[in-house]
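Lettered A, B and C in written order, each chain numbered from 1.
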């Protein structure tokens, strides 16, 4: 028996009719604002060459670790979902079979944001009006597959249809940025910028670190045998990224630790990590480089983002067989107060610095992040991240940060995704949840309604443009 | 002036009328499902011999640490509540006096789940219709005492009246399980199974550890002077428990730490802990045994439960005078990501293992537990535990775990109690709170109502039976 | 365009009409109860000499770190707000200019409790009926400035108008308490008491610690070269403070750590810290003194308050230029279970001790504080503190502590403020939020309405008087 697929206009709004009416009015004022996506992981090649997406499974399942981690947690082998193996051994190649496995288990996603994003994609992007399940799997596959073969579903057409004003991708420091150049040279009007994520040449625990640093120096024409040369190479690459539109850097570290060592200690530490770092030296080097990056941001105006405290690739067997980013990343406790002190002592009061902080440890919202951002002029709070990029996660973020940090020390929404088709759905969830929160404040007479309208617009559009200089 | 005691049909449902109506409809579909109680601390002797409960105080106050901890916190001496002393020195023996102290202070329980469970017991089990307070204390005592003397209030009659399909007790590894045998041999149809809780022979810090291990080996006919013999004894006792119906093991450790040492290191560690363990060796031994237990679960199919991170018997004076389990246990911070890695590296991807995790540190729900259970096929989330087995605790559990782990990586409800009469009340609270949460999802258009009905049934009945193989 | 300033009678009550009606009824019963303010930082000189407040900026902005920290976080220099510099270098002196900067940026406070408190002060105390912004800045300044010049806005008149039954200030151990004496000797009927906050002679990391201890001994007539003499000096000063009305002590430590050393170890430790303490010795000394203070509270009946785990003056540049208490204090993780054990082992079961615990780490509410206070007869939970003294903070406090600790292990509200004019607003927020929480319990049939009325009164008035012996 087929069930209908319906996107209710009032979804995510509070159930109380009075509050809901306020939320609806607030949302009316922001729902059609352009999307500014300042941090994410879409592939610039899509926009550079505008090739069609190949099939439903390769587009919506194989690359989406939110989707396959849930299926894996319920006993579905990653091989059967077509997730490529490291050694090239055979995994499922038939997208219809992959799709069928997913469709059969779509109930596993009940209550998750993936369900909400996917339903939006199915209904809004592909016009489907029945719910996905075993009985509708083939119908879904055919409708989506047929659509993907049309011009209207090419990356650029979708970009325009989605109302994206600007989107940032994220590239490593050795990336030649050819796709971004191709986009610019194509004459297409879509704004796709990069972001500088130097982790591979900052984290001595990266496999092949020394070789990567050597390449990094070579590309920059700098002698990276010295720390000074290494820093100069960063300046070169930051400038190179800015030419490809970058307005921000991004740093994904195991902790938020920062350091501010003497030049001599930096030089000695750098030599040690190039030779093969101890765990403590690796941590100290990453810590020192965060402070250096903040200093360079003061110089060049690039906004700095810090995404700390994730245990990457916790599942050793999955890492060995399928590589990184396969759903096995698990959050760690956050600590910012001691960790950021050296960086903040050096640059925290400088109005030219914007350092945007993210966390996966929600206890930190009210204990550390809101108090820090509510005081230091350089600090801003990034939106709820990753596992918390969800209705409840967004609710907790506002409930726990607003009273101490206010709205204006936050920076709007990041979709942070490689799932391109879900981008409007994610921004829509954020806008709805912000309006829901504001509606509660209005209904409880904690904020006048006219001011709530101004805040709603700021959260949906103004703050992100200002913070990221987009 | 006597106040009425009323159990409102809509209790615990959201106040918003629309949402409440949805919750009511969902609850209607699950309220009469049988109770499956996969983890708890009832006394199997009750069901084996079906002796009447002696009096109201001995049944409802003296053994209930939720009740006497609150009274103690407000200055009531445990002696006056009849809590037995370790040295046998006199404590209050008159159950009427104990009852009077409790009744006078019943207002202290306002807003607590104890109040809700007790009111349910008073109204539903005993048919009382006035509120307990000083003025009604005698009436209560007489009504309850009279009821307990009747056939209808014997343990087996209540078991049947409560609609219990299956209940698990928890026994130590040296328990001869005679009561469970007596239940089976009695021909009574009630399903009462045991669970294997080997802590006394796993935790070297248990008083008399070496002697207990010796007894453990003797009962098994194994030479426990070697680690191999010690593991063989576990296999023997696990099989013995399975014969008494056990489908699960349970582990109450000071932390979730696991280890995966070489056989030589295990042997050496085992010898050291038998001789008298250092604190670090004790922790390491417990850690290693968790991994061994997981391995044996892979072999024999027993579901593994981990209840970590409680400071047991924090109040030294109470421990000295009254012994363990007297309300002085206090939660500790949880840490699972680093702690479980050795066990998960060894067995975490094995579909034959089910490891159910519990926590008393709620920050861990969204940061660690939901991400872990939403990825590893072996992991499931136990329901909110102990201090969090309450309406707000249940609400937080669903709010913080659903979006990352979904519903199907959870395992329904555990009452975890020795308060037999409160078991239906506790399951009823869980069913109501789950329906309340689902109703909110439906009202906010985050889940279609027909799917919510399926989930409600899964949470109340299907998931617990599947996870615990009951 | 001027916007109206309206204080809605139903503010902070839940939006659901049924629940709101219950909240309104509960609030009706407590809104006019006298204010008991057992812990705060008002200046006793105000009440001693009843001098008029000088101007709007000096009253409402310059001393309020909630206000200037938010402005500073958005790039406003503290100099321009008239915050005095340590070296006496010039800062803004014109209160009109300070006021204008604040007024222009009043939107930054949207969603914060400062906004709610200030709006209350503007509307209720000064009768303003338009919203503060750039266009109304001058009007505000003139209205407030004119009012402050009248008799009705002197400290004592406001004290009486606010319905304050008793208020506690907080003084250091070297304070001569002359203002409190002046109040008593003036014949004025207002009850203003002090509280004993010995941190400067307890924390060896205080600048000039040894000299302060010497002064402390000299004032007491005790030989503080020995630990015994040092303790005797505490007894002297505690008695001196009690004469100035004190019923409580207060302790602001970097952690909740306590210790219970042997007399010899205390003596040796004391000698070491007088000579210049190591970090670890300083921590151990503070820990030991907390246990000593608990012992003295057993003797003299003073209620003990512990406010732990804040990183004071995190912003080094602000500390250097403007000194302490300038908005740069940031919370740290809380830990009470291990930390309090030595003190509780010694005094935790003594009914003569009341130790009131505060935290800025909200995860600790349900994990540690509620379980501890729900067991130990000496422990009580202070209200949500500082950054959490807000509607959402209060909601979380009740949601996370009530079910384990109940209502009667909490102690009502503390305003903890130096912002005198906001005191009624803060108590009003607490009363409203408690009524909102109780209304939810009533609406969800978790507490009968008549009992909720009793609890509302206890939370607003009875519990604070009892706990603080006021």
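One rule holds for everything that comes next: a contact is a pair of C-beta atoms (placed from the backbone, for glycine too) under 8 Å apart; a residue touches a chain by one contact, two chains touch by 3 or more.
Only a predicted model underlies this, so the values are computations on that prediction, with no experimental measurement involved.
Rotation relating chain B to chain C, from a C-alpha superposition: 120°, rounded in steps of 5.
Both chain A and chain C derive from one sequence, and where they touch, under half of the residue numbers involved are common to the two copies.
Spacing of chain A relative to chain C, judged by their CA centroids, is 40 angstrom. Among the residues of chain B, those touching two or more other chains are numbered 14, 16, 363. Those residues of chain B that touch chain C in the complex are listed here as 3, 6-8, 10-17, 69-70, 72-75, 107-113, 116, 131, 311, 314-318, 327-333, 360-363, 387-388, 390-393, 396.
Interface of chain C with chain B (complex): residues 14, 16, 18-19, 335, 337-338, 341, 344-345, 348-349, 351, 363, 366-368, 370-377, 379, 399-400, 402-409, 440-441, 443-448, 450-451, 454-455.
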